[in-house]
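To start, I am sharing the structure in question, which I have written as structure tokens.
Lettered A, B, C, D and E in written order, each chain numbered from 1.
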Amino acid sequence: MNALDVQSITKVFGGLVAVSEASMAIPDRAIASLIGPNGAGKTTFFNCVSGFYKPERGKIIAYGRNIQGLRTDQIMALGIARTYQNIHLFSGMTVLENILAGMHSRRAMGPLGALARHRSNRDEARNVLANAYHWLEYVGLAGQGDQFATNLSYGSQRRLEIARALASEPRILLLDEPTAGMNPQEKQTMIDFIRRLRDELGLTIFLIEHDMGLVMNVSDQITVLDYGRVIAEGTPTEVKNNPRVIEAYLGSQAEQEPHAAEIPDDLPQDEQPQKETV
Amino acid sequence: MSLLELRNVHTFYGKIHALKGISLRVEEGEVVTLIGSNGAGKSTTLKTISGITPAAEGNIILGKQEITQLKPDQIVGLGVIQSPEGRRIFGRLTVRENLEMGAFTRDDKAGIAQDLEYVFGLFPRLKERENQHGGTLSGGEQQMLAMGRALMAKPRILLLDEPSMGLAPLLVKSIFEIIKYLNEERHTTILLVEQNANVALQVAQRGYVLQSGHIIIADDAEVLAADPSIREAYLGGH
Amino acid sequence: MSAVGTLLVLAFAERVDYVTQTNPATFITWAQLFSIGLVLGGVYALIALGYTLVYGILFMINFAHGEVMMLGAYCGYFAMQFVIMDGQHSFEDGAALISTIILPLIVGVVFLAPRRAAATNQPNESLQRSTIRNFVIMPGRFLIGLLIGYSILVALSNGAPHMYLIVVTTLGVLFVVVCGMLFSMLVAFLLERTAYRPLRKAPRLVPLISAIGASIFLQQVALRIFGPGRKAYEQPQLLDTPPNFFINLGTLGVLPVNKVGVFIVILSILLMIMLYIIVQRTKIGTAMRAVAEDKDTAALMGINVDRVIVFTFLLGAALAGAAGVMLGLRGDDLNARFGFTPGLKAFTAAVLGGIGNIPGAMFGGFFLGIVESLGPQMLGLNNDWKNAIAFSLLVIVIIFRPTGILGELTGAKKV
Amino acid sequence: MHRKGLSLIVLLVVTLLAVTPVLAAHTAPGTSTQPQQEEGVVVIAPGESIQIGLAASLSGDVIPEAGQDIRNAAQLAVDQFNEEMGGIEGFPVELLVEDDQCIPEQAGNVANLFVTEPRLVAVVGHMCSGATAVAAEIYEEARIPMVSASATNGQLTAAGFTVFNRTVSNDDVQGLVVGRYIAAVLEAETLAVLHDNSDYGRGLAETVAAIAAEEGVNVLEPQAIDPAEQDYRAVLTVIAGEAPDVLYFGGYQNEAALIVDQMREVGMEDTIFFSADGVLIQQFLDLAGDAAEGSHLSLPAAEVDEEVNETFDAAYEEAFGLAPDELGPFHAQSADAAAVIIQALMEVATLDDAGNLVIDREELITAIRATEGYEGVSGTITCNEIGECSAARVQVFIVEDGEFVQLEVPEELQMVGDSME
Amino acid sequence: MLTLGGAAQKAAERADFARWRQTSANLLKQLKLDYPLAELRHWTVLLLPLFLFLLFWSSVSQPVSGGIFDTLGTESGAELHLVDLNSTFNLTSSSLVNARSLQLILAFSMVIAGIFAVQGTRQNFSRYPYVLRVGLIYLFILIWLGVAAWRVTLSDEQFIAPSIDFLGWESQEWSIVALICIALGMFFYGLLSNRNPRNFEFSLVLIMVSGLVMLAPLNMDQYQTNVSTLVAVWIMFGLGMNIVVGYAGLLDLGYVAFLAIGAYTYAFLSPINTQAKLNRTELNDLGWAIYIGLVVVPLVVFGASLAWHRLGRGNTSNRPAATSALKRLAPLWKNQPPLLVTLALIGVAVGATFLVRAVLEASGQLEVWQFSPFLVSLFVAMFAAAFAGFVLGVPVLRLRGDYLAIVTLGFGEIISLSLRNLSNITGGPSGAVRLPQPVADDTPALTASLAVLYLNVVFILLIILLANRLRNSRIGLAWLAMRSDEDIAQSMGINLVNAKLLAFSIGAGFAGVAGMLLAANQPGGIFPESFTLQQSINVLALVIIGGMGSIPGVIIGAIVLVGLPEILRPVQEYRIMAFGLLLVVTMVVRPSGLLPTPPPALEAEAQNLYQSRREE
């Protein structure tokens, strides 16, 4: 069974088609990558899968279950966790508390239990705390558990975000640019870490990445998105040699450069939704 | 004497040490590019120069003047104009108003009118959409608007943050064409931050490579473009 | 959700129908109530604009806005007393005296204006030369303006005494309004400086509490300085005479119209138009909108964000001051608590229209005023429930349109 | 080692300190110079003053001006007494003023504060009925008599407090007579009733409405206005549609002035405005101006001695720089409340052998209840068995040429007997 | 004025505290003073409440007469040496601060210092010998018990008479029972705390501070007690608001509605007072109805379903762990016995309730007790307010930030207007008057207010315990995450609907308890003036001033907000002005509140648990 099966989803913002008829399938325990130029609709695609956006058309099936139209918390409870391109940690909470918050959907303690602290609740609290420490250690943040999450360094914040996602015991992990801002050594560590996640925890990993080197290195499968459409899918070698990919993502060098004032009228629509000022 | 010089600049976001001692300089009439991966500190460098995230340590010198402690509007008043990442045009203002905001620090009405015509000449599509709200423009048009807005300020030095972001290759070409034109014909000094290092190194004379808040390599653009390790890391490895 | 909404609307319509069937008020009563609501709404709208302007730019509820209005109204009161003192216990005489200064001044300034604009349009002329030329010519032009203004007054007083009275009263009242506006602006300036600016980067609720403290403080200061007794504006003859004037609506009846009310509605609409022009047409207005949208980018344009914020506060305060003076002119008595209720209602109106949205605040103000005055009668309820009706409406509107009537609906979530 | 030792020493010191609260209390002999206090008796040493408390809203949301008026008047009465009589047996009377903001919790605080003052013998106040109800329970327990100048709610005296008295009239009495007056003298066919939703206004208005309806007048449903607002045109317009002959308003002068003004705007020139003692002050005339002409106002009082009144007004103006009528309506009642307390104090206070002034609390409570025929500023004051000290007669005034002119009230309308209970 | 804020800011910028601290620390190190000074500072913080207590206990604001001091003096046989603050500080009645306020300040400072002391304790004190640890803790326990017992033996009049007198016990008997309970509790606490030497210092300070706080009211006069009670009520109210605003980040400007609901519930359930305008007979019937509807029926329904479930009749399918509270309750609803059985059970329960009432009525007990025993009112008030919170929560789920604030403000105003206008139910502006206090009728005033104060303290402790548990539980973390970012919180599996509704109803429930205690403390009655927008604003200010989400902050906030105006009484008419100014200054100087608490440090415990689990 495929871990994730996305069947021709379309997401439109206003008049802009951000994701158009995109389909892909990720086998169980695979590492899949989604690449494409900046703003090709990758994050929108992720947001559709994790339930932030409701696609206008199409189906999203995770482990045989249709998750399209579910709320984000329901999707998370079904075992799809994610990280974010711009780190979104819970400020005002410690590192450990962030991880604990990630375990929310795996805990049963209700408000009455919290008030009464019956034995089962205490046991749960202990288990959860021990588990949280496990994840803290797993991502190498042991010793920093009582700090405010926002006081961590950039790389540590990224790792904490992953720990928070892992704490929810997911089956599919979506990573949005996990190596952004890292130097090559750190990137290498991250690659190893991602592999470890797959091998040790048996996770299916789906990531967005810019760094081609990393992508080619780590992925079992690559999907290329351009203007919201899937233009290529396959193994790293296949994708690397796909002429459409080279043209769209890497930019063709040989093309004649038009003069600025003569920009053609049929400008492709930009996919980026307007930033909301709330 | 360089037009803009950064000496050992440190910047913090909260407790995150984003710039760990950046030193760079931009000469009059040059195009200098900063390349590096996401989160390396490229945009932060530009924000620090503009005073949005003031430097905690170090000096920023414009010509002979120290501008480290100045407020953003004062720095803009001195001709350091930034076109921020992601365009950041004012979505609820019309195209014309956006351009007028670019000329906020200027008082000469005639000069502004002249420059407006010049920008419209450069980007005829903006002229067509003069009274549309900025938010309704397409990505490419927004980028044109952002650049036009920066030009309206008559920059001594133009800081461009990822002008190619989210644009089709064709548009990227034309945007860089304009950058080249500005530099060659209008003698505008440009500090260019770009992820698409390939293209950036083509227009730039010199380049700096940033990594985790440090400058790791500084050299001429051709040298950088030819460097195999750079190619491996930032130019897509082909 | 929408089904519930439809049901509510239907129930409301049914109730209104029932009430009008069983208790048929005349058309004139409805019209009168409507006009009362309109006047009230004008004042609410003006105050609401202050809330909305500040909110739009700082995302902060300026709880002390009502007190700013109250202090403006007090200043207007003293200005009025000053005019009356000038005229030896007669507002009209005082206004005439003041007019002899103001009108020529206005005309004089108007005469100055075109020349200055022209100077900048001549690029060849050096700045220095134009300044010198202006310096030489200005007093002359100004004097001519003064003379013309004065002669207009004299001509009016001899030729058209009624017109003269109108002009003089208008100028006198405008003087009072402007005094109120200026004082409100001063208060708002001090407030922004001391209570809000240090908290610009603090969590959102902190300036709110600071504003509440400032509101309590200003109220108590007013109580100490102006005393606990109430003060009523002396109304100018022209606006005061109770038989107002009447509009004959033929078979429908005769609608009495309150002159002060007409004055308030006209002035508030004029002020709103002025605000609209400032915000939409001027450079600083555009800068305001830019800052409201994106402070960092606005700063990159060379806009001094602090200065724009202060300007916004001043603009809101000016409108509040005007509103305060208008309330005084309408016959309300001043006291230290004077600003609280209109402030709260105006805030409600601003939210009703969609806070941060200028047309929303105007619409919300008028809407709330009209609902308050028509609501109890329409639903056949006691006046006891007037505010409950207004607040229920607010609650219902916000529940069905979570960002107010004219507010933009928040779209996709930001991730 | 060093660290441990130091910590241990500190810890021992703590232990010693912990024992001290008990020890400390038993060491030195007392130095108190105060006379021994006995149960139920206030003993005041020579040189000290007798304290009378006064609680009113001085800074709150609720009409602080009326509170300041009450404060001023009582202060004046006390000062005058001290000046003229030199105090009680040479002991000066002191007024202890506290602000209760008319909030019940604050009133509780103030009452408890007064209760703990050992030299405080009686209280003028409280101002608002709600605050008074809360405070009265506390004074009842502490046996401190109170005389309110402004708490008019009928329930207060009906509740059976032994310490509560008031120099202001019960709403029920006034409402009864006014209701009859409107029916019989004004011969109103339709009566509209408006109140400010305060304890005072609502009670009064509802009583008037009930009595008038009994007398056969067509009474419209009572409507409330919000005194925090100043625009009552809408409700007046609705009332104008019914063309009532009389508009009765229960409330205070500020709102009344606005109402008479706005009545003209909505075309109710022919309707008679009728209100009560809360409006019967100069400030109403000042604020309303011409619009007040023809208004009827009731006052629960016996014949007022004009001379006493004028003297008082002059003294007030001299002391505080403003006429008493400028602030609120209850100054006369307040001065009388203070005077009634002082009167009773003079009766019960005795000197003991040591030259201390002794006041028996129970005696004072009885003495205040027994006040009879005291000629006060607000008229002759006689307290009845439930603590109503103002006269149970009602006068009616009309505003003519900017002055209050008394009208005759037919004797059969007064019928005081059945007004109580 | 103009540059006040600016100047403060500039001063803070210029003062390079970090550098000063560094320099002075180095200097101290050189002088070898750093350790002793740190130790001194540490112990000063811990002992400050004790010093303040001593000063407070040995001070008196007025001439020694009557009340506690009288008996204190005569019983001990020696005259007391009390610090007469008036003469010590040379205060006259006209000076700005009078002794009573000074004493109140002392009492409040003691509470605040106690908070700092408890927070300032260090862990890991195993270096003290066992005997010393045990000795010190039991010494403290003995001292406090001794003082308390001494108070009991003094006189029945002077000691508190706990509330519920329907058992016919005299207050002395109650006192002894209470004392035994406290003694046992403390004994076991001492036993437990000695098991873990790491917590020794904490236990010591906790016992010391709780002893101080419990004994301090005995030195208060009636006014100070009353003010303290009001502060206590506001602490409870603030703790409720703290859940809604501080934890869940939902800005509620109509929060006073729940206080009103709690207070008026107490009034509804109170004994008939024939003199009051409103007909309490009817209201008492309403009270019975509320009691049956809110307490009896749900208990029967849940009890029945639980029993049915246990009997194995119902659907026993495994319920998923990751569902909402409501859904986990759902099986209980679903597993009902047949409808008729349920109805019959309800009928029996209701019948039994009425039977009890009839018996009480017949035996004449109802005259005194009148169904409204304090504890029943307490539960009904809590449930009624929580239910109101739930009902308010449902429509506003979609709203955020200021729109939520304004809608709740609207709700608050509507409730407040209803209190005024529905005069045949609430008594309108005349209020619901003459409520019973939860003490025997003939209790002296000071004793009664002391009893109410102690009652409030007990409820505060209970609510703090509950709030603290909530804070550290799954739901508390969900609230905090929601406050930080709603969308991300939801994507972390948190059901926003549940979290919001829970925050609203639990917060409202706490406020209901506060309101009920407010009414119980005020025998004069409750009035609409106590439930206006101003109070909602005050309670919000309380939470913000103390520090969002901080329980000690709430206590300090309540002291500042309710105590400060009282302390400022000597400045008379300027007190509210001073209060407003202080509000601004506080916010400008300390924008994060007076006492923001750091989140709990969990890592050490987590590590232990993790390691011990791995070893298994």
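Just so we're on the same page, a residue touches a chain if its C-beta (ideal position, glycine included) is under 8 Å from a C-beta of that chain, and two chains touch if they have at least 3 such contacts.
All figures in this text were calculated on a predicted structure; none of them were measured in a lab.
Participant: If you check the contacts of chain C and chain D, which chains show up for both?
Facilitator: Correct list: E.
Participant: What chains touch chain D and also chain E?
Facilitator: C
Participant: Looking at mean CA positions, which chain is nearest the middle of everything shown?
Facilitator: Measuring from the global C-alpha mean, the nearest chain centre belongs to E.
Participant: Taking each chain's centre as the mean of its CA atoms, which one is most distant from chain E?
Facilitator: B
Participant: Quick one: point me to the chain whose Cα centre is farthest from that of chain A.
Facilitator: Max centre-to-centre separation from chain A belongs to D.
Participant: Suppose each chain is reduced to the average of its Cα coordinates; what separation in Å results between chain A and chain E?
Facilitator: 44
Participant: Averaged over CA atoms, how far is the centre of chain B from the centre of chain E? Could you give it in whole Å?
Facilitator: Those two chain centres are 57 Å apart.
Participant: Indicate the whole-number Å distance between the mean C-alpha point of chain A and the mean C-alpha point of chain C.
Facilitator: The mean C-alpha positions of chain A and chain C differ by 51 Å.
Participant: If you average the CA atoms of chain A and of chain D, how far apart do the two points sit, in angstrom?
Facilitator: About 71 Å separates the centre of chain A from that of chain D.
Participant: If a residue has to touch 2 or more other chains to count, which residues of chain A qualify?
Facilitator: Counting only residues that touch two or more other chains, chain A contributes 52, 84, 88, 274-275, 277.
Participant: Among all residues of chain B, which ones touch two or more of the remaining chains?
Facilitator: In chain B, 91-92 touch at least two other chains.
Participant: For chain D, which residues are shared contacts with two or more other chains?
Facilitator: Correct list: 59, 61, 197, 224.
Participant: Which of the residues in chain D come into contact with chain E in the complex?
Facilitator: 3-4, 6-8, 10-11, 14-15, 17-22, 24-32, 34, 36-37, 39, 58-59, 61-62, 97-99, 102-105, 107-109, 112-113, 115-118, 128-130, 133-138, 141-142, 153, 155, 158-160, 197-199, 202-203, 224
Participant: Taking the complex as given, what residues does chain E use to touch chain D?
Facilitator: 35-36, 39-40, 43, 46-47, 50-51, 53-54, 57-58, 62-66, 72-73, 76, 78-82, 84, 100, 127-128, 132, 136, 139-140, 143, 146-147, 208, 221-223, 225-227, 230, 275-277, 420-421, 423, 428-431, 433-434, 444-445, 449, 518, 521-527, 529-530, 532, 534, 566, 569, 572-573, 575-577
Participant: Which residues, counting only chain D, touch chain C once they are in their complex?
Facilitator: 59, 61, 64-65, 67-68, 197, 221-226, 228-231, 233-235, 237-238, 240-241, 254, 257-258, 261-262, 264-267, 269, 283, 286-287, 291, 322, 326-327
Participant: Give every residue of chain B touching chain A within the complex, in rising order.
Facilitator: Those residues of chain B that touch chain A are 14-18, 37-40, 86, 91-92, 121-125, 135, 138-142, 162, 164-175, 177-178, 181, 195-196, 198-199, 211-212, 232-233, 236-238.
Participant: Can you name the residues of chain C that touch chain D in the complex?
Facilitator: Interface residues on the chain C side: 25-26, 29, 32-33, 36-37, 40, 220, 223, 227-230, 232, 242, 244, 256, 258, 327, 330-333, 335-337, 340-342, 372-374, 376-377, 382-384, 386-387.
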